[in-house]
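Report on the structure given below.
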Amino acid sequence: MGFKFEYLLSILPDLALAALVNVRLAAVIIAIALMLGTMLTVLRSLKLRPVNAVVAIVISFVRGTPLLIQIFIAYYVLPAVGLDLTPEVAGIAAISFNSMVFVSESMRGGLASIDPGPLEAATALGLRPPVIWWKVVLPQLFRRIAPVLINEATIVVKGTALLSVITVVDVLRTAQQMASSSYRPFETLVGAALVFLVVNLAISLAGKTAEARFAATRM
Amino acid sequence: MTAQPILRVSALSKEFRGTRALNEFYLDVAEGEIVALIGPSGCGKSTLLRCLTWLEQPDDGFIEVAGRPFGRALMPRGVVRRQSRREIDALRPKIGLVFQQLNLWPHLTALENVVRPQTVVLGRARAEATRRADELLGRLGLADRAGRYPHALSGGQKQRVAIARALAMEPALMLFDEPTSALDPELVGEVLTVLKSLAATGMTMLVVTHEIGFAVNVADRIAFMDAGAVIEEGPAREVVANPRTPRLRSFLDLVLDRAQVPSGETLALPQTE
Amino acid sequence: MRFDASILVDYWPLLAEGAWLTLRITIAAFALGYLAGIAVALLAILPGRLPRLMASVYIETLRNIPFIIILFVVYYGLPFSGVRLPATLVGTAALALFASAYYAEIVRAAILALPRGQFESARVVGMSPAQAMWHVVAPQVLRTLVPPSTNMTLTMMKESAVLSSVTVPELTYQSLIVQGNTFAPFEVFAAVAAIYWLIAIGIAEASRRLERRVGAAQAASVSANPIAARYLSLDARRPS
Amino acid sequence: ETTLEKIRRTGELTVGTEAAFPPFEFVKDGKIVGYGSDILAEVVKELGVKKLNQLDLPWQGILPGVLAGKFDFVATTVGINEERAKRYAYTMPIADGMPYAMKRKGDAITKIEDLNGKVVGTQLASSTEPVARALDAKLKAAGGPGFKELKLFTAFPESYVALANGEIDAVIQSLPSLAVLVKEKPDIFELAMPTSKDGGFTYLAWVTRPDDKELRDAISGVIRKMRDDGRLAALQEKWFGFAMTIPDEGYLPPGAM
Amino acid sequence: MTAQPILRVSALSKEFRGTRALNEFYLDVAEGEIVALIGPSGCGKSTLLRCLTWLEQPDDGFIEVAGRPFGRALMPRGVVRRQSRREIDALRPKIGLVFQQLNLWPHLTALENVVRPQTVVLGRARAEATRRADELLGRLGLADRAGRYPHALSGGQKQRVAIARALAMEPALMLFDEPTSALDPELVGEVLTVLKSLAATGMTMLVVTHEIGFAVNVADRIAFMDAGAVIEEGPAREVVANPRTPRLRSFLDLVLDRAQVPSGETLALPQTE
């Protein structure tokens, strides 16, 4: 049962097709997670004690429990409280929520490295806090934590593979299906790995290019 | 002291965990007047400017800008009312502050640095704001640098962008924190020239500076500050020529002496072996 | 949907055994992975193209494919090359390998964020690069390493669940046994989530203490500036 | 409204399947096929269902899915055991999962005792796991050393790879699956011998939610009918190459639903 | 030019993607001599000091310290041999460099900043290294600050710690990069005094500076650098009094003028409205 390269090649087209599911979901999730993560960060910066206490528990839960279980909760437990979501919506909701927390935590780290001077200048000129967030803090923050966000994006792409447990047939599930009928789990997994590698390298590369572009308008 | 004061500071105090950075500070600046504020390191100059723009909340005392209370208002029957954030923000554009570190926004071009506050704070149309910014930058000799990002500007050019940004808001008063101290020596002259031109337009200015030469030649008045309060003030030339307090005298000795090297060998050093 | 807690009462020894192994695997993979990560990070900051290229191939490959695939390649690939080791050992090594790529990236970024002058001033008095790293760079970088390393360690701890698929009897594996016997998914998932969460809280608390010890000065300097405290810190209490 | 009534009313049926278990249910050319699928097609016909949604998902999602009502029943072969039977309603068995040992081609394992000192693999939490444990105990009781190690895999295909690369020496699994595999890879694998059944119940069936006994009975009725008119045996010949006997009763452990 | 040169730099060149920061730079510094290096911003002064300590690898040229080749050696028959990292590290303690940004190690106390390089590089026993550090800090007037961390020191005190750190290695030559430019004016005098005392001990020094006063009074020689090479040098007073090249003349004009304010109004500013 040695490694059969021809078999690997023969399944790549089908795997690539299945990867479109992951890419599509990941794109939506990343966009939502960025938006919600930013909002959560701004919310936390208001330092309203009860709110931040709740946020702290949510963050601890999301960081502390497996993503798989969070996905289960979104799809299988939420119907018990009257929220019956389709698999894709539940998956997007669960991973976005998870990623939102990690985005916000990354922002917490990034904020500490921003020079307060330009914010003081903005305040002294009379810019209102929402404007300062939107025009001064966030643009600098995003540039600064770009590498971390790219990292998170690749994690999200990998996370979409877990959605097979809620009936989303993605690359990994397709690979498993192939393995079970061909009895070649090794080749199919390597095939899936290649597909993920290509997608994530594309993201990393795009990120690096964007980073280099930002570097031109460096801090 | 000709007209109604544009800036009136009374009994301003600010303490940082044990350090009294401002200690019942009083100062009036009249319209069109140029006041140079000098004093030793750590005497509270930067803290004053930060309190005047309410970046730091003073513990006590009052600030009036063009006759209107700023930050805190004394109401009838001695009640002190804290102004809301919105009220404070509304008055802030009246006071232009140029920071020692300039604090340009690194992610925006020079032009955008000047345009953005106008559109956002004053609600000016973009075209109008751009026109004004172009004009200001042009007059400050930066017409060809408008599209550059701050990191690609020299120290003197950055300084002028920071000044343009403050001027674009049409402030009643400009505050400068050591406008030349972070500059290479060849650039100092350039910036002082700008300040002088600005003075000539009748702009009211409060300038924290170590350039005694500038203070003497351009300022109407010098205020010498020590330990959080003004301890001597008067017409610029007079103050420098005839310091009354011993503290000012020794300060001036130190600062004016810097071109000469102290001759006494006060420190014993090990012989090289 | 019923929730039958008696299952957990019956099966807790299995789950406890699994949790204990998960904890040990996490600690071992953390130690191994961090050492490897530091080595790769040092490779990445060496002058010259080749070491940097090697480091970035290592990091990008391991970071960009799902861990389960790395694990399978190691676990099923090793016997093909004649090496035969206990599954727990192989699994822990694979986990360490996976984490090391992320740790390497974290360490690399932290070192690059330190002003160059710090390293140079050590070199210029005659310290060797290794001495400069040890005496000057490492103590300063420690502080910035803590938060992202904690994030990664938590991710890795949870990722260790994947080891169940190569017969490592850790928490998830034991929970699958319980589930196979009882067919009670929700009870088992709830218990497993709670146990993982507990372990995570332990890790987060340890890191918080470490952070407090190495980062006190920085926190103080941020909260001293009111504008920085307002926009640039999320956790400090509101001043007055 | 019960699930069965809902199915009748809407003419729509949704089932959950782990399509990674040949020859029972697996994916070929993008479609779920296999012995189980063929039976399902008959069930659909008999129940008068017009639209069938068959969802493929890994085992971890199957039970939560049926409990949360994401599909109407589990149309994937599930081994019958005592504890499970207390919580779910099993249909009539669709197959007899006679446990069998498989070895690498040419290895000298021909009788149960040859498994002494060997590394044996099977699927974690499957119906054959208790069978394997019982076998080990039996070997030890007979004075032998027992298995060198029992390795439990989360999926069967991985145990096959482990057998092929020498990680383990034998796989215990139900005969229908092994028969197909050995036919597929005759140069690698070889059937060794049947192992005793006394570890538990080895019949394979589908399950419904515990409160859907009505639906369960309806499905069981179709299966019984298929068995009686020979359709089931024909399908067994088609997929496994041999027919098996399906009992009318006694397949459920005491206390089952 | 009395004795054998402690430092001999010949034909040193360094290019950064297109910018020629050093362009066949030549300079000799004799034992006990104090040379002030002046020149406009960006002319390559910092790059020179970095090349002299081999922090930056020069593209071309040779450096000799106390008669021994440093970094690159010219072998018989014109072969150039690159020294190994170990050889370079071994010579480095002979050259003390005080950076413009000081680069004290913030996680160590002032004392530890001075002790650590001695124990690590020279292999001195801790007790011995501590004794020397205490002595040095004491002579530099920092006895009571030895236990403090850098962030709790004033600019002048930090500068002196950096100097002590370099001196503890007993260098044959000290290099200073603009030792006063980052300091408050009152601190400038303090640091210049230290440099002067150091000069009095016979230490050989190369000082990059903008303080023409210091250069004239303390340095034996001034070298004026522009575009990566020395274009004029000579006895300090003479060079300042009689600059020969027009470039030095205009540079001196700019730098010496700074105490006076330029009187011409070169920039037109908008009138306040």
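General remarks:
By written order: A, B, C, D and E. Residues from 1 in each chain.
By our rule, contacts are C-beta pairs under 8 Å (C-beta built on N, C-alpha and C of every residue); 3 or more make two chains touch, one makes a residue touch a chain.
Note that the structure is predicted; figures quoted are calculated from it, not measured.
The chains in contact with chain D and with chain E alike are C. Taking the definition of touch as given, a chain qualifies here only if it contacts chain C and chain E alike; those chains are B.
Looking at which of A-C and B-C shares more C-beta pairs in contact, the answer is the pair A-C. Note: centroid distance chain B to chain D, computed from Cα atoms, is 82 Å. Mean C-alpha positions place chain B and chain E at a centre distance of 33 Å.
Per-chain Cα centroids separate chain A from chain D by 37 Å. For the pair chain A and chain E, the distance between mean C-alpha positions equals 50 Å.
Looking at chain C, residues 1, 76, 80, 186, 189, 227 sit in touch with two or more other chains. Shared interface positions of chain E, defined as residues touching 2 or more other chains, are absent. Residues of chain A found to touch two or more other chains are 68, 72, 76-77, 80, 120, 123, 129, 185-186. Applying the touch definition to all chain combinations yields A-B, A-C, A-D, B-C, B-E, C-D, C-E. Taken in their complex, chain E has these residues touching chain C: 53, 55, 85-86, 89-90, 92-93, 95-97, 99, 101, 103-107, 116-117, 120-122, 151, 165-166, 169. For chain A in complex with chain B, the touching residues are 115, 117-118, 120-129, 131, 135-136, 139-140, 143, 216-219. Within the complex, the chain C residues that touch chain A are 1, 60-61, 63-70, 72-73, 76, 80, 102, 105, 109, 113, 147-148, 151, 154-155, 158, 161, 186, 189, 192-193, 196-201, 204, 218, 222, 225, 227-228, 230-238. On chain B, the positions that touch chain C within their shared complex are 16, 55-57.
Partner chain E is touched in their complex by these residues of chain B: 40-41, 135-136, 139-141, 167, 170, 181, 184-189, 192-194, 196-198, 200-203, 210-214, 217-218, 251, 254-255, 257-262, 264-273.
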